[in-house]
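Below are the structure tokens for one structure; questions will follow.
Letters A, B, C, D, E and F name the chains as they come in the text, with residue numbers starting at 1 for each one.
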Amino acid sequence: MLDLHLTAFPILLPLIAAPIALILGRSILSWGFATFVSGWAFFVACQLLIATLSDGVLSYAVGGWEPPWGIELRIDAANAFVLLVVSAISTLVLLYSKLSIEKEIHESKHSLYYTAHLLCLAGLSGILVTGDAFNLFVFLEISSLATYTLVSLAPDRRCLTAAFRYLVMGTIGATFILIGVGMLYMKTGTLNMLDLAERIHFYESSRTINTGLAFIMVGVSIKLALFPLHMWLPPAYTHAPSAVSAFLASTATKVAVYVMIRFIFTIFGADHVFNEMGMGTILMVLAIVAIFKGSYMATVQSNIKSVLAHSSVAQIGYMILGISLMNVTGLMAGLIHIFNHALMKGALFMAVGAVFYRMGSVDIKAFRGLGKQMPLTMAAFTIAGLSIIGVPLTVGFISKWYLVMAALEQNHWVIAALVLAGSLLAVVYIGRILEAAYFQEADQSNKDIKEAPLLMLIPMWILVLANIYFGIDTSLTTEAAGSASELLFQNTSDIAVLIESLHGIGVTSTQEVSP
Amino acid sequence: MHIAKWTVLLGVFWILLSGYLEPLLLFFGAVSVLTVMLVLNRMDAVDEDPRGINFNFSFFRYVFWLIGQIVSSSIHVTQLIWRKSGSASPALAKISVDDIPKDHRVLYANSITLTPGTLSVDLDDHHVTVHALQAPSISKLAEGNMEHKVKELTGEHK
Amino acid sequence: MFIIDIISSILLLAGAFFGLSGAIGLFKFPDFFTRVHAASVTDSISALLIVGGLLLQTSFDLNTAKLMFILIFLMITSPTASHALAKSARHSGLLALAESKGKPQGKSTNG
Amino acid sequence: MTGILAATCVAILVVMAMALSRAISAPTVYDRILGVNMFGTKTVLFIAAVGFFMGRPDFLDIAIVYALINFIGMVAVLRFFEYSAPVE
Amino acid sequence: MNFILDYYNYWIVVFLMMSGFYIVISANNLVKKIVGLNIFQTSVFMLYISMGKVSGGSAPIVAEGITQYSNPLPHVLILTAIVVGVATTAVGLSLVVRIKRAYGTVEENEFENKDDAI
Amino acid sequence: MNLWQGIDPSQLITLSIIIPFIGALLVVATGKYPNVRETVTLITAAILFSIVLSITDYLYKGVELSLEVIELFPGLGINFYVESLGVLFALVASFLWIVTSIYAIGYMRGHHEVNQTRFFCCFALAISSVMAICFSADLLTLFIFYEVLTLSTYPLVTHAGNDAAKKGGRIYLGILLGTSVAFLLFAILATYGLTGTLDFRAGGIFDDSHSKVILSVLLVLFCYGIGKAALMPFHRWLPAAMVAPTPVSALLHAVAVVKAGVFSILKIVIYIFGLDQLKELATTDIMLYIGAATILLSSCIAMTKDNLKARLAYSTISQLSYIVVGALLASSIASAGAAMHIATHAVGKITLFFCAGAIMVASHKKNISDMEGLGRQMPITMAAFAIGAISIIGLPPMAGTWSKWYLAMGALEADKLIIVAVLMISSLLNIAYLLPIPIKAFFKGQPQDGKPWSWSEAKEAPLPMLFALSLTSIGCLVLFFYPQPLIELINLIPGVSTNMGEG
């Protein structure tokens, strides 16, 4: 059993490192320091995942205050898994950003960038690790504020309006969550998630709790950019600095997906949220629309980062679809896609960032003929692109397989077909870019473009190779996501048992919740 | 000397407000007083130290007199308010402040403003521009009664 | 001790009365500068009386000191605020009713 | 005695309401500042009065803080108008 | 009628929330959007505080002779939420300053077409 | 002959997949020295063929070869198992890889094609994935390497890198990826959902507990999901891929791509559905008639094509449907015919493509109408073309006769007389669009002075190409006279036999 204080490390390390990175002042120093700290946080995340997989849930009362009064940090397979993803991506993006921000952020703001990045990491880790609903809101805002700052650091002035819109929508989302949590507290008198789970179901069907649920679901949907509340994402990811887009696309929305999973499965109980409240169908429909709208929009953009941003909207649709199917395989598909999508989008955005580093533009015209001039970058883009399409031997295939399998288990034949059709759209928007890179001649101006520097290629290719490795050896992802979804379904069935004992009636014949 | 006086004053003020005497809280008090002093010091470097009004007995007498003025002029203005509208005959005038020492002019202007009915709109080197609700208020002011009282404070009896 | 309550009530009610009349003056008076006078009524006499009334409620303890501080603070800052406001209005060219009606300015003493 | 305090509180509230309505429907911007400033200083009195009415004189601390903030706010607004003074 | 009177605090919350929300959506000026956001957040603070009220409970500051207090927890939570609100407003306003410098205006309809033009 | 006696038999499977892969890497490594690169390709091809031969030897000895590589999903992963149908395809592919490499060396040099390294590398990768398809033990492995084959051949199709290549590549990838993801993957997942397994098992994995309606739908999804079998209307990728140089067409048509398609259909029919299950499905006949229609229609279209490679492309589409029809007749002998047709068609069609390439290199002629009297300049090529044509038509003494014979017998056994008629008609059509070419080449366009033909007039293609196309044309003959080993191999396939009355 590892020392429980370790559970606080994922938050403390980046939080303390953030001001130090600012004080260090010189870009090279704060870069080195930030990368080191992020690497350390990743190492801790690994330890935590191993510990949760072997010993189950880790609980740590912050400041010695026992839950449900004090704030409790609870780490189980689900959040340890996502934490691993977030800290890994953060480290790689930091490694990558040294050169990338040289061309995109003014020298004087470099330390600020690293500080904001570390704060964002601290916030995200906090959201994942905390077991207290209100504390979750606070960390959510910490990470969001850092995100708005990060987005606003880009040279292009459109990042400012994008950041502002992101701030407005993000704050509304977070405030909705605050209202929801408030309503839960109003009825149950507690904020500890587990305590909430038990007390919520003491009431047959309380309007306050259901309203709270509605507010939370909408608030989280804004945060994870589920269609139609995704308006803020495309401009933000398009106009943010490339390193920031890489980091956010792979982590920020994913953590929000985790929050939705946590609320649905651990606190409210999937059966209540999906069947009694009928949110299952709503999420399912929105997810499918998100898949098609996101993919379609991606095919018509000329700015490649905008293509990837819209593609993210679609990929989030896949995750939510997985969750809305309400079976273990579906949830597993959602959780695994969090991991897989982080690998894909991270690599893609890094590749685009490398193109920007050399070409100074991310328009599709800039990609012409890059197949020859930046072979390694474009190879990385191709492989990650294939992974988005879901070609076998890449992680994309694994996610797609589980998702369609989950749909078929619930014999939603139509949905299974729609998911496959959706992934074909990815062929179009990725194909378009590859055609530009490999079949179109570069115009004269960029004949002498060289390959991206090593420091950008290494993190990019680590992600690309991970895209392939975890597409073949799926043991880690399957085990982690598997035990996570088992656990989450265990929470749900505990709640179902609780309901039964409370009301002495048989649990209504819910959708057969196959563990 | 100036710094010591202020430190004591702020310390007392801090304790008055908090009412706690535990060492930890006193320490926090000391820290906040210190910070304020630092800022004050920096500000002092900005403009020279004006000779403060000395809080002697005559000052308190003046204050009580002023309160009396406030009460009477307030009553006067209130009557004006309750009477039919249009009875106010506002007037604007400049009154010389040459005879009042520089550092007491602020007190003089504030006193004018504090007593309802008269309002010091502007204060320059030679005049204070006064706006009054009723024209006679200005002439009353011009008689110099308040001016006299302010000058008494400085101990220079003409 | 009964007497103190009576006095305190009187002061409070008087303070309230002056406050209300000042507020009414705010609406009745024709131009900005006259309204400043109405406002200063509430700032000065009304504040004096109300705080005075409250002072009588305290038994000479910390609260008394706090009330005194509030009173002193208000007495110093409200005239300054009114002055600053009037000055700013004047500087930006807002004509007082007196000037705009071309009335002879009040008798200005010795130059 | 508490009745009188209640009355005073109500009176102050009325004054505040009138000051606010004056601020909203004011012809010149300076009337608005005057209204808002008056609203601010009356709030100080209101908090103090309510404190005594509810038997919690420690509200005075809040009154003090509010008085400080109100004055600083007033000065800040005036400085802003001093430099870029749009006269409506 | 008593439905409104009994829950007057919640009506205030709803009123503030909707007006804040409306301002955020409809305001053209970015600063007004932030003002709207603040009103919206304030409504949530009201919601939390009013839920903490214990009938007959005094303000949750310990004082001798007072036994019954309102629930202090919502107040503490809202202290944090206020800090978060202030931080968000600060970031928002700093963005507005930079938008003003970059676009020369803070009116949303004006800088909408500035970018599409290039 | 079994050169690889020493090592553990099931490792041979790994070798058969890894060797071409290493070959591909070596080709890239030695890209700058063409001669070294070519020898590397040839050696790798030879080694591979020897490995496949030793696998065949083990198969005859009844040694079970299986290999579990890795588990992708709980209970599902990449696993290999050697069975006779797979060996048949592996033999065809590995042998023809050698021949095509020899041919390609001549063609690439003769036609001084650009970025040849990429060609040989992708060729090797394609073969590697073909080997994996041959020996896949379950539908998931088959699907994975089916997709890898599509992707590794995409750069070959878009070899020229110009706009036409891009358009061709777009149709190629669009249809193949589209059908495989939308239909095939969906069918595979549905099968797994229904039966809980994807393993190829003799007699099929479905049983009466599964609803016939769903199975019928699955059959349609599988048939159309395998776009490489070029069933109409999903056949347009094949003519679109004509943009690629001839060796690529040879690879696509004869060696790897289309073969993988029909091979997969046969495997699914035999090992997933099982022939007797097939009989009971409503859609079997529907797909059967679609296959028949494809045979006839594409033969007709082939006649209209003046461009030789286009005609050969449509000829392939129709020939592929022979195999699909053979499989769907749900008779053991028809399946035997289908399996055999894989080999015979491969040999025949590759000869024709080699000739087309030779004609292109030697006389820069693409259109059939310009080929009159070409026999005098290119006697060997034209002779080979004739042999290949006869084999495709299915007349003795060429290999094609056997497969068509068994197919006809199968049709009779399944008493589907209409199919017998279709086979007849299509053979006639084959004659119509293939035989005129060599005939006109030899007997038309005599020189005015009536001088008898002499070797001096010959302007043949480069030697390696000639060697390759004559080798394969001889192959057509050999397979006719000595079909025994092939027939033995086919009879090893469970439920498939070349003699009548086996049901």
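Points worth noting:
As a working rule, a contact is a pair of C-beta atoms (placed from the backbone, for glycine too) under 8 Å apart; a residue touches a chain by one contact, two chains touch by 3 or more.
Quick caveat, the model's predicted, so the values are computed rather than measured.
Between chain A and chain E, the least number of touch steps comes to 1. Least step count on the touch graph, chain C to chain F: 4. Set against the Cα centre of chain C, the chain with the most distant centre is F. Averaging Cα coordinates per chain places chain B and chain E 38 Å apart.
Separating the centre of chain A from that of chain D, both taken as means of CA atoms, is a distance of 47 Å.
Averaging C-alpha coordinates per chain places the centre of chain C 32 Å away from that of chain E. Mean C-alpha position of chain C lies 12 Å from that of chain D.
Residue positions 22, 24, 36, 66, 69, 78 of chain C are each in touch with at least two other chains. Residue positions 17 of chain B are each in touch with at least two other chains. Residue positions of chain D with contacts to 2 or more other chains are 61, 64. Taken pairwise by the contact criterion, the protein chains link up end to end in a single open path, with no chain closing the loop. The set of touching chain pairs reads A-E, A-F, B-C, C-D, D-E, using the touch definition from the header.
The part of chain E that touches chain A in the complex is made up of residues 21, 24, 30, 33, 37, 40-41, 44, 47-48, 51, 73-74, 77, 80-81, 84, 87-88, 91-92, 95-96, 98-99, 102-103, 111, 115. Those residues of chain D lying in contact with chain C across their complex are 1, 4-5, 7-8, 11-12, 14-15, 18-19, 22, 28, 30-31, 33-35, 37-38, 41-42, 44-45, 48-49, 52, 57, 60-61, 63-64, 67-68, 71, 74-75, 78, 81-82, 85, 87.
For chain C in complex with chain D, the residues that touch the partner chain are 5, 8-9, 12-13, 15-17, 19-20, 22-24, 26-27, 32, 35-36, 39, 42-43, 46-47, 50-51, 53-54, 57-58, 63, 66-67, 69-70, 73-74, 77-78, 81, 84-85, 88-89, 91-94.
Listed in rising order, the residues of chain A touching chain F in the complex are 386, 389-393, 397-398, 400-402, 404-405, 408-409, 413, 416-417, 420-421, 423-424, 427, 431, 435, 438-439, 472-475, 478, 482.
Contact residues on chain A toward chain E in their complex (touch as defined above): 134, 137-138, 141, 145, 148-149, 152, 157-158, 160-161, 163-164, 167-168, 171-172, 174-175, 178-179, 182, 185-186.
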